[in-house]
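As structure tokens, the structure follows; a few thoughts come after it.
Chain nomenclature is as follows: A, B, C and D, assigned in order of appearance, with residue numbering initiated at 1 for each chain independently.
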Amino acid sequence: MIRVGIIGYGYWGPHIVRNFHAADDCEVAAVCDKSPAAQKRIQRAYPDARVTGDASEVLCSPQIDAVAVITPVWTHFELAKAALENGKHVFVEKPFTSTAAQAEELIELAAKKRLTIMVDHTFLFTGAVKKIGQLIQDGTLGRLYYYDSTRVNLGLFQHDVNVIWDLAPHDLSIMDHLVQSKPEYLAATGQNHLNCHKDVAYITVYFSDNVIAHFNVNWLSPVKVRTTLLGGEKKMVVWNDLDADEKIKVYDKGVEIKSSQGVYDVLVSYRAGDMWAPKVEQTEALSAEIRYFIDCVAHEQTPFNDGVAGLRVVKLLEAADRSLAEMGAAVRL
Amino acid sequence: MIRVGIIGYGYWGPHIVRNFHAADDCEVAAVCDKSPAAQKRIQRAYPDARVTGDASEVLCSPQIDAVAVITPVWTHFELAKAALENGKHVFVEKPFTSTAAQAEELIELAAKKRLTIMVDHTFLFTGAVKKIGQLIQDGTLGRLYYYDSTRVNLGLFQHDVNVIWDLAPHDLSIMDHLVQSKPEYLAATGQNHLNCHKDVAYITVYFSDNVIAHFNVNWLSPVKVRTTLLGGEKKMVVWNDLDADEKIKVYDKGVEIKSSQGVYDVLVSYRAGDMWAPKVEQTEALSAEIRYFIDCVAHEQTPFNDGVAGLRVVKLLEAADRSLAEMGAAVRL
Amino acid sequence: MIRVGIIGYGYWGPHIVRNFHAADDCEVAAVCDKSPAAQKRIQRAYPDARVTGDASEVLCSPQIDAVAVITPVWTHFELAKAALENGKHVFVEKPFTSTAAQAEELIELAAKKRLTIMVDHTFLFTGAVKKIGQLIQDGTLGRLYYYDSTRVNLGLFQHDVNVIWDLAPHDLSIMDHLVQSKPEYLAATGQNHLNCHKDVAYITVYFSDNVIAHFNVNWLSPVKVRTTLLGGEKKMVVWNDLDADEKIKVYDKGVEIKSSQGVYDVLVSYRAGDMWAPKVEQTEALSAEIRYFIDCVAHEQTPFNDGVAGLRVVKLLEAADRSLAEMGAAVRL
Amino acid sequence: MIRVGIIGYGYWGPHIVRNFHAADDCEVAAVCDKSPAAQKRIQRAYPDARVTGDASEVLCSPQIDAVAVITPVWTHFELAKAALENGKHVFVEKPFTSTAAQAEELIELAAKKRLTIMVDHTFLFTGAVKKIGQLIQDGTLGRLYYYDSTRVNLGLFQHDVNVIWDLAPHDLSIMDHLVQSKPEYLAATGQNHLNCHKDVAYITVYFSDNVIAHFNVNWLSPVKVRTTLLGGEKKMVVWNDLDADEKIKVYDKGVEIKSSQGVYDVLVSYRAGDMWAPKVEQTEALSAEIRYFIDCVAHEQTPFNDGVAGLRVVKLLEAADRSLAEMGAAVRL
């Protein structure tokens, strides 16, 4: 039985609490939010829960084994550090921290204390990402050419971060998980229109082996788009996360250059065969992730979405900010 | 009556010949293609046409007033120059030339000879672009925030140019036509997978007034996408050129920052109202463009898609190549 | 303060209880379900609620003012009758009853006892139906030509009713609400494949004024479709209830016959103008309906979706069964 | 070498002439249309063709082996009869004739004269229908449950026929071709709004083996829909003819009733697996059909879309008219 304290009950917190509450071998020992309105909502939903406005009650309680930090990113480091120092495992909302240095300090601290850090990259637990991962692993796609994602919609404007820190962590963590090659350079462009934070931005990541990834994130789009294309030598994938029934489509399409003795002797062969939409697991990703967290803590296993994975994403975000400031100049990773 | 000679009867040439043939006050005096198979196709479709494999017959003929150059880009300069030197107006396929220097030389030559140059940016004559132009001109969109285009599909691989020179001229010319601000910097990233030419590429153009434009071009996509988003202060547009009936959708959506005394006092207001799909003119764009060419020649008017417009696009393409070579470093325009 | 007892906590019951629970001026006094598993789910979700497996506890309790009957259709009559006899207002799941005779008996009983009956035709409270109703009322559509609905998906097979009694009550109640003409005849066809109940069926309703309505209901469709077309003299509507953002599209399209002196002198004029997707209210329909029920009871008002409205739908369902049995022969309404 | 004369150069005639013109072993000997404007269009497109306004020139010419009758349905019988009497094979536009009696007379005449009749059911030669036919033939779909087609759009109003005779022949001929069971009864409903012809109509066909087919045809729809669902025991198909790339989708979905000892012991099992969009042949259907006509004539083979197939469709159309007149009463086939 693991006793969990959750800090932060804003937009995402209720989903975290609900899933810890529903999980076996787990008890929601306390929920904390500074806002009295949020405290009231917690109490109504979980009449038996201990509710507090003081994070230190959660961080210091001897009745708590693990702390979930579901607060704005600029608070992650202090809260997670205090939790680790008090001997508690931590489950941290993405992005892990505001800087790579903070992430490194937390990773080191956890290692010293033999505690688990899990960063909440929920998408890695969706049926769609698991299915694409399988198609890459089993060689269905063949050598990967590119990863091209679009995540745009209207708002919500954040006070403290730009659109990259808000929307791209999803896609960067998925890319980090799926693409086997090594990212080498990153270039980012973008613009702000309403306040000082970029609200439209584009990121390119150059990998070894000629793989390229691109991310289009936008807070000012009239339509919601959640689409990722993956081009492989043998097959190509379109993942439309807004399609209720056919999220993943695998295309038997491709191009092969048969010979190229001279510049005009190129013989190009095109292949356009069937399309196939594999059934994708429909269970709630967050439920699976929280189950995994509880199991990792219980069995002292290192999760694949640990602090080190979180750090890799933070490094990409930092690189994006540096490149943005130089209007797209490539930053070595 | 204007007598036109067309050089090049490959993929696009037949459409050009058909439209010149159907136009009033115009005669197709000769059609030229080096390939005997193409010559046979011309003859079959136009039994009365003069067919030749020798471009100089067209370029030198005193029976010809204007020459349409519908050949690969690397041949445009020599052919257009010869036509102008022989006193003929020219209609040139896009992109105008391989270099800005060539374009400047042709523009100067035409000015000296008082001849017309028109660059075939056909999309500027579509009902969709005309409608968007009208929505910008009449203030419906309000101040423009961004222009974001995606033009991806499978193939066709070109021997002599990369995906930017193949696909982006469409979108760059539309952007040049629609966006009223001044482009100041360009950054481009991309990768090649099958031969030495980039087959996946991304371009960002920075304008004055915080306008940003972005272009996603890809020869390796399993699906065909032709979508452009335009975000404005008052309205936003989604142009899906593959939608048979509702190409343009205008969204009454937006975000307004009401006040921002402090970083946490930002009051953001979102607006999400009706969507509206205006009826878009369905006539063939190329037919209108060729009509316009004949009229401009007849009345000695300078077309808006003249050599200077063509040069602006070539400069953007050259800048993209320079930025690509530096992995995305911004190039001043 | 109205005290409500809910009978039935299967698929739909939890939504009913949640909305009564959240409503002001209302108290969930008891919830009843025969299944011990359902009782456990109620208790967990509403720790303070009185839970019972015995409907008579709800029907006879002096602490209860109104009873919501959310059980299979064949039980509606007995439960609603007992509730009315005990002086309680009733909110009944659709379809109202198994036969028109039962509905008439309940209506009469309620009238005698001055009690309110509301039949849960939830769709009438959606933003989409309200918007279409407004477009008809204010003359935007002009004279109505047809109403054509498709409601198909895979399963769920019912034990006790055919696909018409399961799926068509939604659409028949919407048609009854929207179409101003008088339904005169009904013809229904269908077939069964897996057991003795029709799983695929089609209904045509003939109205005065040449209005025609058609319903396509199917439990064996691989895809889910929820689309209704309404053709009017001036405008036409496509309502796609599965479209998250643009449920209602209004087309400025039409046909006019200008003159028809002789069979070959018909001059037909077609109109194809803009399309317009009005913003549709997004609030939960059931919440608005339950608010309306509480208000009708409190202020002794007759709801528009009263027993008489429920009876009209039951009469259409009975007519459909009669026509089905005769392979489509029209039944006078 | 077969010499063909084509009568009728309205909407469809030009496609017929173009395909006979392009076919090997075939010569377009004459084209006839009463309209001088049509004659001019023929002459411009085929400068070498013999053009006439007098059908008897085609019907009687000894230089002609086969006659294509591409005129309104009420003229088919006289023209085809004259052609057969003059010893010519006939290719007749659909629907074959205005009455079954006429069709029977033509079939008899052709048999006596040993001449070929082909009815132009072009859809049977599309990649989509061929692929669906193959999926049925090879058992992929399993036992067929239903065939449900929707063919609606705005206009074109016909002077001489109702919407069933205009739009349904396509779908009835496809159903006739694909469904292996025997059609037994037909019921049709519909309504007219603008003149005396039904412009909205619905047809149900009852087959042996519990197969049911349904057709929704409408001249007053604001949107164009061309969708057919086929439900089978093992797989289900959605054919969207307007989808450029994925016309056919095969769903591994189904329902199985495991046991049903009593009415409440029904154990229903649902299956929802992958979706698969097979590549569909993209060649022009009419070109294949005309090739097939030439071959059937040359080798004295009976085409599968012969007069008898055309007669089956005419019988369904006649039954639809009879049922329409009785507001949906089933007509025995």
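By definition in this document, a contact is a pair of C-beta atoms (placed from the backbone, for glycine too) under 8 Å apart; a residue touches a chain by one contact, two chains touch by 3 or more.
The model shown is predicted, which means the values in this text are computed figures rather than measured ones.
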item	value
Most widely separated chain from chain A, with each centre as the mean of CA atoms	D
Selected pair, greater C-beta contact count between C-D and A-D	C-D
Separation of mean Cα positions, chain D and chain C [Å, integer]	39
Whole-Å separation of chain centres (CA-atom averages), chain A against chain D	53
Contacts with 2+ other chains: residues of chain B	223, 245, 272
Interfacial residue positions of chain C with respect to chain D in the complex	145-146, 148, 150, 152, 154-157, 159-160, 185, 187, 189-195, 200, 202, 204, 206, 210-212, 214, 216, 218-223, 229, 231, 236-238, 249, 251, 253, 255-257, 260, 263-264, 266, 268, 270, 272, 323, 326-330
Residues on chain D engaged by chain B in the complex (per definition of touch)	47, 223-224, 242, 244-245
Interface residues, chain C side, partner chain B - complex	245-246, 252, 272-279
